[in-house]
Every structure is written in structure tokens, then in C-alpha cells.
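Chain nomenclature is as follows: A, B and C, assigned in order of appearance, with residue numbering initiated at 1 for each chain independently.
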């Protein structure tokens, strides 16, 4: 018995599977380019061992604990939000007792991959072997080959992008660079804390932005200059992209005066919900303008209703697994931005969605026309075998392969990165194999496309 | 030639089919648990023979006559809405003449199953054999083994829930209980007639509710007490669940005073469309509060635009096949209810949809987080092989299997119950077989999940 | 090596493929009935050679140049909008250099089909063989068997419908009829220029309509009479259908006086966006009323946000590939029209969508009930193998096959017509083969349905 099978995720039909396997074999060894995610630069700056199994696999992974919570396990019992766990072995046991809940989910595949490939475990996690798992993993985590930098190299990472606030000093990124270690760990400029009036501490964040940049961020012009300086600071450390997590994809094209007045209202704190939304919309357009100038690739990640569970949010704060996707409109929402910059040479926006109905209806047609637009890979809840399948089926015929940008692992769970890329590579090869066996694509072309999806398109799209 | 094939609905790939067949064989003999549907308790209370074939198969089945109507057959010719048919053989002939219209539909599979398994017919229904069908079925319907109670037992039913108004005396349910017959036929509390101001006779219904419960239902407090008493009356007869067929999933959290004022306006009849919708929203939240107290499982079935065809409605009334699904939003709609009760231990809400785009976008993420939420099976138009396939493909990766609740047949057509459960079991086994053959799930696990989906999850979700 | 494989598009599973092939063989030779498209009657009236390869394959095909534009090729370099190309060979070379962009798209299949079947080319188009392609195609285009009428016959066309403005003299259609050539090239009545207040030149168009018909089109009654006369003029030349390309599917049922006042406001040019939308809505209902009288089949093609790219529209005008689908609602939108005419015998409306989420949610349930409604085939961006697959999977179980109308090629690219019908026939046969192999449909029935989808339903639906 083994946790992962060499033919996993390939189509059942033997002829198609054979082609998928060949395609996969041709790209399985390519380096991992990870242009978007949520690992911490500090891990690589400090290069200390990861903590115990529970703190590594359960606590930071909202895919894991949201499922446990949905089935009645309390977050307190899982020690969520606790800096140092009191009883990680007990948390691990609870996790193991409920491992059956993940049947049929990508989480299960990612975990099994890490258990097998990194820790040499070969029996499925269960109540009975929870202790054996715990001990095996805990022991290995102490070994030098499990330190963050060693894992970066073992994973075959070529680039790893983090996601960072303009208020971050980026000292960890600087430390990595100054350490002489040959790795590309790059920051990504994510200005939500200073452009979203609903972000906790928004006004204080703006003030801090002014301090950090030496600009008068209390005025509209000073605020924009402060953002431009921040972007420049990120670029110095290798940043090639920005990221924007707005509730909607709405953009706006206000006059400078109207924008300045709106900024003043927002900063005074007397803007209503409509004005806050308009401000976010205007800021996407301002970010686009800056990208036209400085070449940073924009990523737009809209459509999540954040912190939906009021009690959980009050008790645990942001990012605790209670973010729920909503219906997301792109065609009208993006028009103001596209009217201004949609045909600009060198400008690039990567669009993401949590609303799969937009793939074939809005996103593929938009990306199949506007030179600045590319489609990001399936995101978050849709970063899964079936989600990837639907993405290729719904986007390819209108946008083609070449308006997509390869895979994002988008994860906080560093150890899951190889597993996630492996799933994406296998699903793409399965999709291509189907095209080949149905004579919709030449076999020689399928090999070229597999390589492009895995490697070339990512580097090109993110300017890496 | 045979009407139904032993391998029907299993995936085409031979390897996958072999696994699907094994999985199916392991659960085919399990009892049928039917926790939601629209059969009549009176059938089992009286245990009289079903009428002629046309009145059994055509007249009550809106899946059947909506298709005939869509192709130009008049409802008058089908004797829809007629208490006793004048010429059932003629209706049957019309039906047989148009049987080709059902090619590729689940109705066809359900009918063929009943024709074959219950009536021993082996040649496809057509204009030519309509009389033979009619005579064969009519003769058998007179036999003792075709009486409702005999069929209940023959079908292997373990539980059968009906759907009932708070204004119903439940005398049939009481009669079944008092008869000493060993069967579990349970009422379900469906309060639409007394909580939806747009329901025909709403004000009279409220008055009648007061009479039945001895409460002053003209006041907000008395009205709520009357509902609580009604629920208690249902519980006494074994009821474990409520059901709510609102146009939207909207909920509200009004203050008691605002709610009382809204109730007064609604009762006076001077509420506008917005107020009526708000009242329904508030009543979902009131029902949730009562469920937290009395443990009845809530079912929410939103998103049908009822009685869409004005002329048909004026002539034939409700439930004549002119209900059309609409786009349905859950994330904002359910927030008021979830803010109050979303984390309550022991509270349970089963969500249904007619808008498949909500499966992966809203419903699976909600059910994959909130402990009170579970996903109901594909409903109504989506209760079909392809609909079931899409449900599993779109919901499983985020919600897992264990936030789903097994199958509902949800039918008025008693004779179709085994056929419908059989379709669901086969589709689930086919889905699981695909996961096994693609090495996404262990074979041992697939057997366990097949059993859970068929039997354990239903009993657990509905507290049966 | 060959450009097109005899088994292309058939399912991978060998058993299913064998059945698909048999089904396809039984219908491959049927004539092509093309009831909706955008070829030019003038081609057949004049019967002159088509121009050079670039002007034939690149310039008129927005599927082609939108993809090239999305990847940075300028429309100026492609000589889009140029009456006579200056350097068609250079345009062809650019096209060939970027041919890899079409991998996985239907455009690629259509082009390869035409290259192979019409021009005898057997090597995939590339930078290297661009000149050879150009020369081969250019030479053949001069030959008599490549004249429009010869191709019509070679393609096995039985009917070819064009799409025409009420302002068109239809002189080309008349010329074809008078030429004695035995072909059915029929006009379709598309009144957008005179019923959509946002259409360029709307007021002038109304005036011209009055002149053409001898009615006082400045009054509501005269305007309606003018439309009726125009329809009669189209009918004389064989027209059996109308077509309506509104932004939404909205209909209205205004009183005659309210409609007259709205018309006056629209004609004065002081109607706001809401009034313009209401006017279009009312005009759909007026068109329905006229169809009830004159028997013309209505086609409704809603949901495209036209000319989305402002700069491209300002420079190149309409129909240059910057039309983007939007979310489209049908249930409420169509109710006013259906309340009036939904149950009329002999009335027929064919519904199309660019919003695939409406297939199973709204369109199949509507068409599966209302006798006047039929579902048009997958449209525009969804006229592709995966799009066709989704359509059958999502629509069939509720609407059946017999509420659909066969295939539309809907193309300006005359040479792609056989390729497009071939794709549709293959996909339908693959879908039917799956039903057969999963024992959801008898094999004898599949042959009958294949023939109906290819030939009988089209002729019946469009009254040809």
C-alpha cells in the first residue's frame, strides 16, 4: 500500500492515460516557479526548524480547520490562534480522528503527498497511527534537510513570491538577499491595508505609510506619491507584481478633484459603504496607472465576502476560514480601467475569480480580446482537480492557452507547494491528453503546451 | 430486449465501470430512507388501490405533463386537474404517442424502471403497445401486492416523510400510527401557507392556525406561540424536520418590536412586495430560533419563481409545472440567520438550490465552514444523472462528502421512489469509482463512503 | 500526417467511440440546413471569386483577429477595416506566425478543416509554410469550383439564411431568385437598427423605414405598420424568421398609449437609458405580436455588451471583436411577453444565451414548459466542442432533445460552414453514444435522434 500512486489524477481511459503519463514525464522535472503565495520570508531569513506537526499542518491551514469546524470540532480544541500550542499531540489526534472528512478533497491529496514524499509515511493517517505520524514528522522536522532553505532547494523552487503589505519593512527579504543564499524569494506589493477603507486600522495604516515614505499621506497627491515610493521600494527587492483583494472587481475613473475629495472623506472616516466601494474602485485604476509606469504586473483577486462568520471573526480575527465567495461581475466593473489603459503596450493585469460562472461568460472573452489581460489559474476553493478541469474546459476555447499564466499555489502551507504544483501539472497533462486522443491537438503541440503551462507562461506573465 | 440494463448509468470506461458495479452491489440492498417528499399519508392510511395508469403516471407528475405541454399537447386533453378522468385510456394513448419526447431525460429512466420492475413490461412504450401497457398496469393495480402498504414494504422503505401544512389535522398520520402497521411515515412541518404573505388565503390561514392551536394568532406573540405549538404537534407524530419554500434564501434579524409591526402590516394586507419579502426573511430566522429549541432540522428550498405561466395558473392553480428556477444568492441572504445561530451546537439547516452556479461558489464554502449547515442533494430539475454528477463534482472538493445528506426523492410519484434512489446510488457509485481509478480515494474508503451516502448520512442529517 | 483525423472529437473510450462513429456515419451525408448566419447574399448574387487568403480568412473573422489582438498583434498590422488590403501576404505571414495561439480552440478546428478539405493542405500552418499556404489558396480561389455558388453546392447546403436590416433593399436576394439558380438563400428580418434607440443612426433609420414602406414612421401606429410591411416584404423572399440582438432579454407589456408616448420620447432623442431599455423591451413584445400574426419565428440573442473596447470602437466601429457576454436573466425578463403570447398555438420563439449558467437554471425549464419556446444551440463563444457538450449536458434532462432546434453556424466565414456543422454533428453523436453506452437511451433511438438534431428539428423549428 502507498499513499500516492504514480498514475494519480490521470484520466481513466487507458489510451488517454498513456499520453497523459508521457506528457507528465516530460515536465515533471521542471523547476517550480511560484509567483503568488503566502509563505513567510522570515522562514528563509531565519532558517529555523518548523515547529511540531500540529502547528505545521493544522494551525495555519484554513482548508484543514474549516472542514473540521464544519463538522463540530471547536477551534479552541484545535488551538487555533494560539502562538505556542499547549498540547499539539492532542490537536494532531483530533485531526487524525477526522481525517476521513477530507475524502475527495484536494487537501487530502496535498497532505498525503507531503506525508509520503517528505516524511516517508506509507499508511493512511488514522486514529490508530496518529502518534506514529506525530513522532515521525516531529523527528524529521529537526533534521537539517527539513530547514526552510533546504526544503526550498529540495522542492526545486526557482522563484517564490510572498505577499506583503506596503507597511512591511521587507527586512526579511533584505536579509535573505544579504545572506548570499542563491534563491529568488521576492515580495509582492499588496496594498489592501492602505487602499481599502474597510481594512482594520485603515487610517493608522495611511499615517504609517506616510512615515515610512516621507510623504504627506494625508493629502491625495502625497498619498499617491507614498504608494509610488512603496512600489519602488518593493521593486528594488525584486518585486514584479502587485496584488489586490477587493470585494468586487469594480474600477472607477474619477477626475483628480473628485478622487481627492473622496480620499478626504474616506480619511475623515465619514464615507458610507458606497463611497468606500468607489474609493477601492478608484484605487484599482490608480494602481493600473502606476503599473503602466513602473511595469509591475497587477493581480486582481475579487469576490470574497471576508470574515462572514461574525462570532468567529470577533473571537479569532481575519483569515480564519470564514471567507465565502460571491457572484462577481467583471464586464462593467473593469470598463473604466480598461477604457483608460486596456490597450497600453506593456501593461498587464491577471484576473482571478471565485465565481466559476464567469470563466466562459466574462473572463475568457475579456482575456481573449484585451492585450493587457491574462487569466489567473483556478483560485482558492477552485484550486483542485475538478476546479482545474473546469477552468481549462471553460476558458481554453475562447482565451486559448496563451492568455493563461500557469499555476499559482497561493498557499501559506509551505510543505504543500510541491503537491499543489504536481496536481496542476497532472491535471493539465490529462486535459492535453484528452485533446490529443480526440484529435483536437497534435501530440507534438501537446508537449510544447505542457511545457509552456508549467514553466514558460509563468515566467513570461509575471516578468520573472 | 429489456427496458433497464444492469449496468445502466455506470461510466463507460470498463475499468471504472467494474469498480462502480462492485460499489453498487455493496449498497443496492440497503433500505430506502426517504426524508423529504410529497407522497400522501392518506394512501397509507386508507390502503386502497391506486387508480388507472393515466391517473397514476400522467396526471400527478408535472415532469411528465410539462414536457407534453411544451410540445403542444393541451392540458385539457390530458385531463389535468380533473378529479376523476373521463377517458384515461385516451390520455394514456396521448402519453404513449409522445413517449419519445422523454429521450435523454430522467423521467424516462424512472418510468422505464417502474414499468419493468413493477409491472414486468419489457418492450419500450409506444403508440402501438399503449393498450397493452394500459391493460397490464390496470390489472396489476387491483392486486393486493400493489396496495400502498404492500408497495412500501416491497420498496424496502425504512422511513418515508411527507410534507404537510400546519393547518393539516395530520389525521392520516395518526391513523397510520394507530393502525399498528409497522412503518415509519412521518410528517414534515412546512409552514409556507402561514408564513408567506403571498400564499393564497394567507390571512384566513393565520386565523385557522389560531383556531387549531388555541392561540391568538392575530398578535405577533400569539402567532409565534401558535407556530411553536404546531411544531410540537408534528413532533409528537415523529416529525424531525421543517421545510421552507421561499422565493429567495433571504433571512432577517429584526427587533421584536419591528417584527411585530411588520406582522401587523402583513396581516392587515397593506404590506408591499418589499415588506412581504422582509416578513418571509424574518420568519426563516424565527423558524431557526425554534429549531435551536426543539431540534427540528430546517430545510430551505429557495429560488423557484412559482406559477410563472399566468394563464395556466388562472385555469389550473398551483403546482402545474410552470415553476421556473431563478438566480439565487445565499451568502448575504443567510448572514442574519447565521450571525444569530450559525455556531449553535445541535442546530441544523439543509440548503437546497435550483441555481447550480451556487454549488461551488457559495454553498460548498458555506457548508464547509458553518457547523449548522449541510448541503441537500440536487433538487427538482437537477435530480438527474447529469445534475447529480455536477453536484458531486462541484461540491465535494470544498464541502467533502460529510457535509452532504444523501438523497431525497422529493416526489409525488410514489411508484418512482425506488427508481429515483436507484439512479442516485448508481451515480454516486460511478463518481466514487472515478475517484478510485484516478487514485484520488482508496477503494476501501469508496465502499465506506457509498454506504454513508446511501444510508448513514441521511439518518444522521435528518435525525431519523 | 494529416490536418484532420476521421475520429476527431469522438469520445476517447473505444466502446463509446465505436458507437459515435456509427451514428456519425449515418448522418454525415445529410444536407446542411443553415437557418441563421451572417454570410452576404451579394456573394451569391454576383458569384465572383473570393479575394486573397488574408482577406478571406483573417479580416472578416473576429474569432481570428481578437485572439491575435489579445496577444499584442496590432489591428493596423492585420489591415482590419481596410477595404482592399495593401499587403495581404504580410498579414497572412503574421497570422501563420501566431497560429499556435489557436491551439485548443474551435477556430483551429474550423481552419484546419477548410485548409484540408477545400484546399488539400496537409501540413499544419506555420511560419515556414505560410507562403506555400498563401499560394495554394490564392490559386484555388480563382478556379470556378471555388466561386460562391459552386461552394454552396459542394457544401451540400439545402438552405442558407442571411441576416438583414429592414432598411436593406434585399436586391441581392431578389437577384438570386430571379437568376433561376436553384438554391434557397433566405433573408432574416433583424430590426435592431430601427428598434434599438442606441443603434447608430436610429432616428435616421426610422425615417428611412418610413420612406421605404410609405408609412408615417414618425407616429407609433405608422411605425408599427411600417415594421409589418417590412416583414411582409421579407416573407415574400422566403424569410421565415426574425432575429433580435438586444442587450437583455427584457420584454414589456405597455398600454398602447404608454407605448406611443415612449416612442415619441425615444424619437425626440430625450429618452434616458431606462426608457431606451423599456422601449427595446416593448418592441420585443410588439415583434411577438406580429409573429403571432404572420408566423415568422422569433430568435432572441441577448446578453452581449457590444463594443466594450472604447478605443477600438472609436477607431474601427462595430463588430470588431470587442463584444463581451454578460450575466443574462430570462425568467422575469420574458414574463410580460409570455403572459400575452406564451400559450399561443403556432407562435415560436428560439432563445439563445451567452450565459451558460442559464441553461439548466432558466432556459431548459422555460423551454420544457412553454409551447412557444425552443432552445437555440450554443452561441458565439460557446459554439465549440466543450460548449456543445455543456449545452447537451445541462439542457437535455429538462428540455429534452425535442425542445432544441439543431445547429446554427451563425458565421460570416462562409468557408467555415461545413467545418462548423461537422463539429456539431460529431459532438451530438458523441453525446448520444455516451447515453447509449450508459444504457440511458436505446441504440435505435440514438440513430433517430441524431437525424432529428441534424436535419428534422432545424427544418421544423424554422419552418423551412
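Assume a contact is a pair of C-beta atoms (placed from the backbone, for glycine too) under 8 Å apart; a residue touches a chain by one contact, two chains touch by 3 or more.
Labels paired with UniProt names: A, B, C = Uronate isomerase.
Remember, it's a predicted structure, so these values are computed and weren't measured experimentally.
Asks: Rounded to the nearest 5 degrees, what angle rotates chain B (Uronate isomerase) onto chain C (Uronate isomerase) on CA?
Replies: Result for this pair is 120 degrees.
Asks: Residue numbers at the chain A (Uronate isomerase)-chain C (Uronate isomerase) interface: does the shared fraction exceed half, giving same, or fall under half, giving different?
Replies: different
Asks: Nearest whole angstrom, what separates the Cα centre of chain A (Uronate isomerase) from the Cα centre of chain C (Uronate isomerase)?
Replies: Roughly 40 Å separates the two chain centres.
Asks: On chain B (Uronate isomerase), where are the residues touching two or more other chains?
Replies: Residues 11, 13, 357 of chain B (Uronate isomerase) each touch two or more of the other chains.
Asks: Which chain A (Uronate isomerase) residues qualify as touching chain B (Uronate isomerase) in the complex?
Replies: That would be residues 4-5, 7-14, 66-67, 69-72, 100-106, 109, 124, 305, 308-312, 321-327, 354-357, 381-382, 384-387, 390 of chain A (Uronate isomerase).
Asks: For the complex, which residues does chain A (Uronate isomerase) have touching chain C (Uronate isomerase)?
Replies: Result: residues 11, 13, 15-16, 329, 331-332, 335, 338-339, 342-343, 345, 357, 360-362, 364-371, 373, 393-394, 396-403, 434-435, 437-442, 445, 448-449 of chain A (Uronate isomerase) touch chain C (Uronate isomerase).
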